[in-house]
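One structure coming up, written as structure tokens, with questions to follow.
Chain lettering (A, B and C) follows the sequence in which the chains are written, and residue indices restart at 1 in each chain.
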Amino acid sequence: MTTTVIPPDSPPSPPPPPPAKATPTRPGDKIFRGLSRGSGILLLVVMASIAAFLTFRAAIAISGNEGNFFTTFDWDPAGNPPVFGIAVLLYGTVVSSVIAMVIAVPVAVGIALFISHYAPRRLASPLAYVVDLLAAVPSIIYGIWGALFLVPYLGGLNSWLDSYLGWTLIFDKTEIGPARNLFTVGILLAIMILPIVTSVSREVFLQVPKMNEEAALALGATRWEVIRLSVLPFGRSGVISASMLGLGRALGETMAVATVLSPSFLFSGHLLDAGGGTFAQNIAAKFDEANEFGRDALIASGLVLFVLTLLVNGAARLIIARRKEYSGANA
Amino acid sequence: MAKRIDVSGLSAFYGTHKAIDDISMTVEPRSVTAFIGPSGCGKSTFLRTLNRMHEVTPGGRVEGKVLLDDENLYDSHVDPVSVRRTVGMVFQRPNPFPTMSIYDNVAAGLRLNGSYKKNELSDVVEKSLRGANLWNEVKDRLNKPGSGLSGGQQQRLCIARAIAVEPQVLLMDEPCSALDPISTLAIEDLIGELKERFTIVIVTHNMQQAARVSDRTAFFNLAAVGQPGKLIEIDETERIFANPSVQATEDYISGRFG
Amino acid sequence: MSQATMTKDTAPTPAPVAPSLAGKRLPRWSPIGFGALSLALAVGVGLAADWQSKVQWGLIAAILFVVLTFIASSAVEGTRQAKDRVATSFVWVCFLLAIIPLASLLWVTVSRGLKVLDGYFLTHSMAGVPGFEVGGGVYHALIGTLEQVGLATLIAAPVGLLTAVYLVEYGKGTLAKAVTFFVDVMTGIPSIVAGLFLLSIMLMFNLQPSGFMGALALAILMVPVVVRSTEEMLKLVPNELREASLALGVPKWRTILKVVLPTAVGGITTGVMLAIARIAGETAPIMLLVFGSQLINTNPFDGAQSSLPFYIWEQYRVGSEASYDRAWAAALVLIAFVMILNLVARGIARWKAPKTGR
């Protein structure tokens, strides 16, 4: 028996270990290889069982649901009859994440360009470090900062938006109250995903080959034109996947939303009115009072969130993988 | 369209390290001037000071004057961006914009300026590609990416891109060092044609190449590693190779060092 | 003769009709000047319209600045330069935008946290302290965090390390590809979903909340981070080292254990510490699986525990001044813990970098 023979058509991705001769297998090798392989398999098993367990419990909940899981505007699994639906949660999750993306992506690209191409060289790496520190702050701390500091602060901005952009309807504030709304949640989420989008974009921008930038410079391009000609085309797919990673974070964020939002199961297009909810926030808010069936209902909503983030992250990874092939072909 | 370059008392630095020291020379219009010398003698650095690319390198700094027909490139009111439009450059490794087609690569410099008409643009692209002896090879695939060409073709594409904006001077930093002999020959022929229209400065490691393509040759040297590079002499190419006035030049050319 | 020889051919070139090199430039002080002008205008407008939020003042100032710069620059220097200047100011504004929340968050946390943070706070639990009154402390939560994070690390570090070893040293074919893909996917799992997964197991097997269940969820979040960073580090180990060891007749598993892993140990440690810092701040799984407690419970395998992030959430929900103060103090402790881990981790990375780099 030989175990270390490499098939000739093995994929090129990890640096291949030195070609080992076909030797009789040592017990140590066998054990170690088995252990490391086992860990890899364990991860797959965990992933599979996450999907399986969530689906199983979600099925229990949905079969007991008297409402429509996708269209009901209510969450009352303890009621008689039990009724719950994710319509409002899906809407709130998507809207707050979209607001976060609209704010965060341009700013993150700007910061990434600042660090990679504008900042004085001595400042660049401390700045990159500061941005990484933003990523290290736990989300619950963003949450209480958002609720106790940002919310009162945004009151003025809200009434300003209301009076000048109220005609757009989405910025029409129909009730008086603190800014515990989806718009504030979006801003807070934007701040939270800023570091991840920034650091991935920055990495890509720094990889732009020097000679591509010099080509533009030697043609008499201004700094902005160098960025437009060389840096942005090279980094576009990287920025897209960075944004999707950020989106994945925003979709699943729990504590920051739970602290800031004043939830309700009313469906409203007015972003500045308190209310709405997200998947993760709803789980945090409803968990304490939920009985076993209520928990299954929450698990069902969590399954939707799981699938959503899976799709977004999978897409981001695919783009990154495609980009690797592309740049490798040109190296 | 060709200008004379007058350099006087020029030194260049990387941070605190002095890379070249007190260089003065004149580059004649419509001729090819070759820079030769051992590695690290500062000839590429010097070349990059002629279109203010040196200051792009972090810590890069220049002292002295470079006159382009009486206008000092390093005057405080001079915009480095317009300097680089006037003095084009071709790099050691071909560097077409990887995401652009062949056509867009050549048109890139013109598009930056914004003032062009569409048919004018395609005329300039064709003229430049012809000028770079590349037209016949690529005219059927102008919309294919420039990175799909061979190394020699890519380098000629870069030359076409550089001459499309009608510069006064064309700087070439070892343009053939990454190419095979046949592509090298094509580029050398091209240089011979281009000097009718442009002032050309070429850095090369290959002394036969300097002898083949240049009218005048400048020899650079450095006293020791870590010392700044200096201009030893500049003269007619024939004189430099046949009967140089400095011993070090003769030693270098005859292969005694470097 | 180090001077350039004079040339014979000195015929003057025909004066070409080329654009002058010296484009007209705005004076050097212009950004500061425009900045001051637009700030003054914005303050004027803000005062006149009596806007409360300084954010609006800032927005007006920023917009004015960009517009003024663009108009002046395109009039004097041309459109290209104007665009360049606008891009530069946009990039600067972005950077300032990122600094403001970080500075504000750190400032608020430190200034409000220091109000009640003292030795008493760190060494006492909330036992017998009503939420809306002053007093009590964070000791039970500290114990909980340390135990849960410690257990999670004990599970996640070996699994993550071995998986990375598998991917780099052994892995090929479908299994390795699948593992790589799902490690990436796992990185994106929201922490609340990891919590729900273990919650569904608890519901199935009728288990009680405990620190250990929370640690399992944290381990799920930690493993992919460890795998990724370890993989990167192992790939940096040059193949020559492996070959040198194998050529000496050392079996592969001993080569990995004695040569490859020690070479990369600095980077691996950094990765594990950053992963710890990440999970130490997770609240959602603790909320679902550990349940929270006011009392000191040192046994993570039996009964509810607290943890620092959960404590902050709990105190925030009480909603009194005293509980807000405790929440900020606990936030300060948590931030300090996470930041110190980060700093030490990066310190190790820098200190060990030259060895793994070559």
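Simple rule for what comes next: a contact is a pair of C-beta atoms (placed from the backbone, for glycine too) under 8 Å apart; a residue touches a chain by one contact, two chains touch by 3 or more.
This one's a predicted model, so the numbers in the text were calculated from it and none came from an experiment.
Undergrad: For the chain pairs A-B and A-C, which is connected through the larger number of C-beta pairs in contact?
TA: A-C
Undergrad: Computing the C-alpha centre of each chain, which chain sits at the greatest distance from chain A?
TA: For chain A, the chain whose C-alpha mean is farthest off is B.
Undergrad: From the mean C-alpha coordinate of chain B to that of chain C, what's the distance rounded to whole Å?
TA: Their C-alpha centroids are separated by 45 Å.
Undergrad: Round to the nearest whole Å and give the separation of the Cα centres of chain A and chain C.
TA: Centre separation, chain A to chain C: 14 Å.
Undergrad: Measure off the straight-line distance from the CA centroid of chain A to the CA centroid of chain B, and report it in whole Å.
TA: 48
Undergrad: Going by the touch rule set out above, which residues of chain C reach two or more other chains?
TA: Those would be 80-81.
Undergrad: Could you list which residues of chain A touch at least two other chains?
TA: Counting only residues that touch two or more other chains, chain A contributes 222, 225.
Undergrad: Find every residue in chain B that makes contact with two or more other chains and list them.
TA: 81-83, 85-86, 112
Undergrad: Looking at the complex, which residues from chain B come into contact with chain C?
TA: Result: residues 1-4, 24-26, 28-30, 68-69, 71, 73, 75, 77-79, 81-83, 85-86, 112-114, 168, 218, 230-235, 245-246 of chain B touch chain C.
Undergrad: Would you tell me which residues of chain A are touching chain C in their complex?
TA: 4, 6-7, 10-11, 13-18, 20, 26, 28-29, 31-33, 35-44, 46-47, 49-50, 53-54, 56-57, 106-111, 113-115, 118-119, 127, 129-134, 136-145, 147-149, 153-157, 160, 191, 194, 198, 222-225, 227, 245, 248-249, 251-255, 258-259, 280, 283-284, 287, 292, 295-296, 298-299, 302, 305-306, 309-310, 312-314, 316-317
Undergrad: Enumerate the contact residues on chain C facing chain A in the complex.
TA: Result: residues 51-53, 55-56, 80-81, 83-84, 86-88, 90-95, 97-99, 101-102, 104-105, 108-109, 158-160, 162-163, 165-173, 175-194, 196-197, 199-201, 203-204, 220, 223, 227, 235, 239, 242-243, 246, 251-254, 256-257, 277-278, 280-284, 287-288, 309, 312-313, 316, 324, 327-328, 331, 334-335, 338-339, 342, 346 of chain C touch chain A.
Undergrad: In the complex of these two chains, what residues of chain A are touching chain B?
TA: Per the stated touch rule, the residues are 121, 209, 211-212, 214-222, 225, 229-230, 233-234, 330.
Undergrad: Please give the residue numbers of chain B that touch chain A in the complex, ascending.
TA: 51, 53, 56, 58-59, 81-86, 88-89, 91, 93, 95-100, 108-109, 112, 147, 158, 161-162, 165
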